[in-house]
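A short worksheet on the structure shown next.
As written, the chains take the letters A, B, C and D, and residue 1 is the first residue of each chain.
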Amino acid sequence: MNTPADQARDPLVRAAQDWWTTEIIDIHPGQIDVRGYPIEQLIGRISFPQMIWLMLRGELPSADQAALLEAALVASVDHGPHAPSIAISRMSVTCGLPLNGAMASAINVLDDVHGGAGQQCMELYREIDAELTAQGHGPDAPLAESDAVDAATVVWARWNERGVKYAPGFGHRFHPLDPRAPRLLGLVDDLAATGAVGGRFATIGRAVEEAISAGRRRRVPMNIDGATAVIYSELGFEPALGRGIFILSRSVGILAHAWEQTNQGGRIKGPMPPQIPFRYAGEPRRKVPDPSGTEGRFFSVHSSATPSDTTEPA
Amino acid sequence: MNTPADQARDPLVRAAQDWWTTEIIDIHPGQIDVRGYPIEQLIGRISFPQMIWLMLRGELPSADQAALLEAALVASVDHGPHAPSIAISRMSVTCGLPLNGAMASAINVLDDVHGGAGQQCMELYREIDAELTAQGHGPDAPLAESDAVDAATVVWARWNERGVKYAPGFGHRFHPLDPRAPRLLGLVDDLAATGAVGGRFATIGRAVEEAISAGRRRRVPMNIDGATAVIYSELGFEPALGRGIFILSRSVGILAHAWEQTNQGGRIKGPMPPQIPFRYAGEPRRKVPDPSGTEGRFFSVHSSATPSDTTEPA
Amino acid sequence: MNTPADQARDPLVRAAQDWWTTEIIDIHPGQIDVRGYPIEQLIGRISFPQMIWLMLRGELPSADQAALLEAALVASVDHGPHAPSIAISRMSVTCGLPLNGAMASAINVLDDVHGGAGQQCMELYREIDAELTAQGHGPDAPLAESDAVDAATVVWARWNERGVKYAPGFGHRFHPLDPRAPRLLGLVDDLAATGAVGGRFATIGRAVEEAISAGRRRRVPMNIDGATAVIYSELGFEPALGRGIFILSRSVGILAHAWEQTNQGGRIKGPMPPQIPFRYAGEPRRKVPDPSGTEGRFFSVHSSATPSDTTEPA
Amino acid sequence: MNTPADQARDPLVRAAQDWWTTEIIDIHPGQIDVRGYPIEQLIGRISFPQMIWLMLRGELPSADQAALLEAALVASVDHGPHAPSIAISRMSVTCGLPLNGAMASAINVLDDVHGGAGQQCMELYREIDAELTAQGHGPDAPLAESDAVDAATVVWARWNERGVKYAPGFGHRFHPLDPRAPRLLGLVDDLAATGAVGGRFATIGRAVEEAISAGRRRRVPMNIDGATAVIYSELGFEPALGRGIFILSRSVGILAHAWEQTNQGGRIKGPMPPQIPFRYAGEPRRKVPDPSGTEGRFFSVHSSATPSDTTEPA
């Protein structure tokens, strides 16, 4: 921003201005530039995934890169009302929240456990990538599957030792095979065949599946998080942004369910229908003790409303 | 705050300082004053409810006022896992959120429907109070029950015409009689008998119960929100703060359940156990249409991964 | 969902299942259908904006409809660190929040004032649309500009009477002309020329600008919210979804700024640099009063730590 | 809860009920028990801090324990608009949020950095406690200051090695001496003198101050977080609850500032007054590139609105 205050000589004003420094957006009266591009030149010319990339990375992606990012964005929008994020979104609107509030409460829970598998999987891939490079299989040479499996096995053993039992991005408590994963991986393969992406992380992802399934009767297949982790890694995103992009995608499902619930109506929707009670497993009913420090602290003397000491459990 | 910058002559610095103006707290190196009181003189001498009052109102309450506020704070802490706020708190920690995050997602839903009944009830009482004053029964004279019932009937009819069907603060889908309400009302009566509070809103609250129950086979009794609305009105709080204070109280339950769930463990806890499915009521399985503008937008030509068109619903 | 529990005869299980009913997504082991479409057929074939539309509306949009929605999604991603949503996102990460938490706190504030202008503008357009239809200028006939201006003038006068001073979607405290608005409106014109959209709401939007600028020295031009409101209205979205879609767009900026701040570092970043103090405008320093009910409530007798009564204001 | 469904024979209903299990609250029609106590016996008889303790710990505290907890709750309510939590609360209401929403966005940021110092300090104390016990200075014998300093020095060196530079709970960027800390520590000393608490953690806390100040010209004094960590440790709370209780306290300030801002008014309040601009440090203005895959993706052919390619940076 470049206004009269820019010329301010007072160092405190300068400090205030520096306090909020960004390389993302520049604004002047009548002018908005995103990463240097006039906004009116971007509107109607680049796709929404290209804008996401530009905002996060600073430069425009190629058409192929944008297409791959877009496929991942499409894939993760929803997993139904059993997902806490979706359930919270729906419950929120029945408490009176508008869409922004429902989305906030829901997006908030996309934390390490519910929203972090992709990020953790990217870190796993990255460690295998480093292991391969250390073993002389750097990113510049073609990667043999067997070398990738060896490195995955070494790294996964290391994670096991650290106490990690389940590989993030692999296996599913519900789906024997997550239908999104092979489709996404196929798209990566297609682009790798044309050279648009390297394909190294697709090989690494498949190697992880091999390594963690070794010696098991049932394969532990790659799931949606493992597949999008391949894509985001191929595209050069930092692991933390794996979570960030996932949130952009899942926000769509969170909004759609909030909206559906708005139209369904309902007030103060609990997790289960009211006819099904929760289970109480604590102390049986008892009387409040009567130590001098506690009893009647406020109303002891003049209270006609002191609850009867003979109150008994129903 | 009074630092060298206070003497700043630059009007922009002055504007920045004014941008954040408060009458609540003053801070200097080694000194913290709350509403003018040195913090170290408050600590260990005033109660937590007194501090809540001081922060919200600017002055310290009397001991009786604080005791009545405290009773209301104690009363509203929890209503079990069927309350969306409590359920969301518990679900949040299973998604990986720390206590602050779980509390945020949960407190957020204490909006108009789930957390606003007390506030709306205070507005109802206030309108009846104004109606009474307009009829010559101002706050300075004793209030006859029958006058209060008349005014409550008039005002409630007005609310009915506006489309309000259920009186906020009255009735309960679960409790035939909410055990917290008579206890709280009794405490108000005790303090009214000593002159510590006026008792006008206790009369108004009871008059509402009378007015809305007229002609019904079953009484619609005052619930916790109606009773705390009496207390907050007696104590002179604005209706919006009725919600604010309720949130301070319910935060305790939200925290306690978040903590219990933390200790119980569990990951990605949905609203119901996974064995009970949700119900799908939408379109049966169908194929993606193939208009020229859509099909193969990204991967049409070289894709070996295009999903088979013969895919059929399971 | 169709699992053994579907055949449950217990009506409580059936009630639990019905409690969570959706038309959006259907899930079976190995199968995920969105609005009836197998997810693996959508991935890589439809764009992200098409998926957003499908999730919110139930059917796939045409290519033109999707392109117009996409232009609006691209336009609203960011308005810099002076926007409270963006500032909150950045401050949040310096408090230790991961990206999901920063996004939640920020998205939450996209409420009526900061995120609701588009929605309110859609309601204004809708009321003008209804006024026009009532005057015999229904959606089936071409709409003359002068008729639209007449209807806009009537409706705006009505809003004025209700106390609305500023037309939502028009004027900007910073930009004399918001560069995004004419660009977006131009895209609508292009599609209206081909018949892909009707163009009625573009005419209505321009009529509002005419009506509210009448008699003023300076025109009050349409801003981004007024222009996206034209687009969402042309596309048939409900006003509430105008806010919802805006949030999907602005989430990109919120994420990008959270990520930039993560890389900039900083801890507990307040709104202004610490050298610029806030302004205290409350009570001067004073002593805690000493009524019997307050003083020494907890520690009066044995406290050696009672703060000195001789403490004087600095 | 004990309703007809309790007798359900269907194992799925039983599973649903077990899915939500709590030891905190039991609810039947007309009956609410908290930790076994009828709620109407608690209201008006126990203090709000006692209720907080009961909810979190399962049993009622002694009067002394409650008084110490109360002092800590009073101490932490606020630290002014420079604290991000407070600023966010105030900004939120200017965006249209009601009090619950403002509190949610603000409480959310009380994470590791802004709200976690107390919790981390409790972990530090706990490790020193364990070190002392390992050295034969268990909790049953009186603790010599010099032994505590030795153990603190050992443990602090260990934390240093792990990369921790600043001891959580000690030092303040603003206050040379935080006036809340000595007052709180004095209260602990008073109760330790009567035997109401052990005093071991007060000794440990002071030992940390000694250990981390060794060899420095200026002492690094205990701050509010270090002092409340002493109190919560004396009272036997888990470290995570140190953060939880802090949030209950700070919620009061967050609410009070939200309410003050509500009354001050203002719309879309950014972090600094609009006259002070932020600083843009990114790419200078540039043109959108024109690769075949990007240009005119949506509107290339028929667009009369394509932005002029001659647009030049201002």
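In the analysis below, contacts are C-beta pairs under 8 Å (C-beta built on N, C-alpha and C of every residue); 3 or more make two chains touch, one makes a residue touch a chain.
Note that this is a predicted model, so its numbers are computed, not measured.
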Chain at maximum distance from chain C, centres defined as averaged CA atoms:
D
Same residues or different residues: which describes how chain A and chain B meet, taking over half shared numbers as same?
same
Based only on mean CA positions, could you tell me how far chain B sits from chain C in angstrom?
23
Starting from the mean Cα coordinates of chain C and chain D, work out the distance between those two points in Å.
29
Name the residues of chain B that each touch 2 or more other chains.
1, 5, 12-13, 16, 18-25, 27, 31, 38, 40, 42, 44, 46-47, 67, 70-71, 80-82, 87, 97, 101, 104-105, 108-112, 115, 174, 182-183, 187, 269, 271-272, 275-278, 298-299, 303, 305, 307
Touching residues (chain side chain C, partner chain A) in the complex
1, 12, 15-16, 18-25, 27, 29-32, 34, 38-40, 42-44, 46-49, 51-52, 55-56, 67, 70-71, 73-75, 77-82, 87, 90, 98-101, 103-105, 107-112, 115, 174-180, 182-184, 187, 240-241, 243-244, 247-248, 251-253, 255-260, 262, 264, 269, 272-273, 275-276
Chain D partner contacts - residues on chain C that touch it in the complex
5, 8, 10, 12-13, 16, 67, 70-71, 80-85, 87-88, 91-92, 94-97, 101, 104-106, 108-116, 173-174, 182-183, 185-187, 189-190, 193-194, 267-272, 274, 277-278, 298-299, 302-305, 307
Where on chain B does chain C make contact in their complex?
1-3, 5-6, 13, 16-28, 31, 33, 35-38, 40-42, 44-47, 50, 58, 60, 62-64, 97, 101, 104-105, 108, 271-272, 275-289, 291, 293-299, 303, 305-307, 311, 314
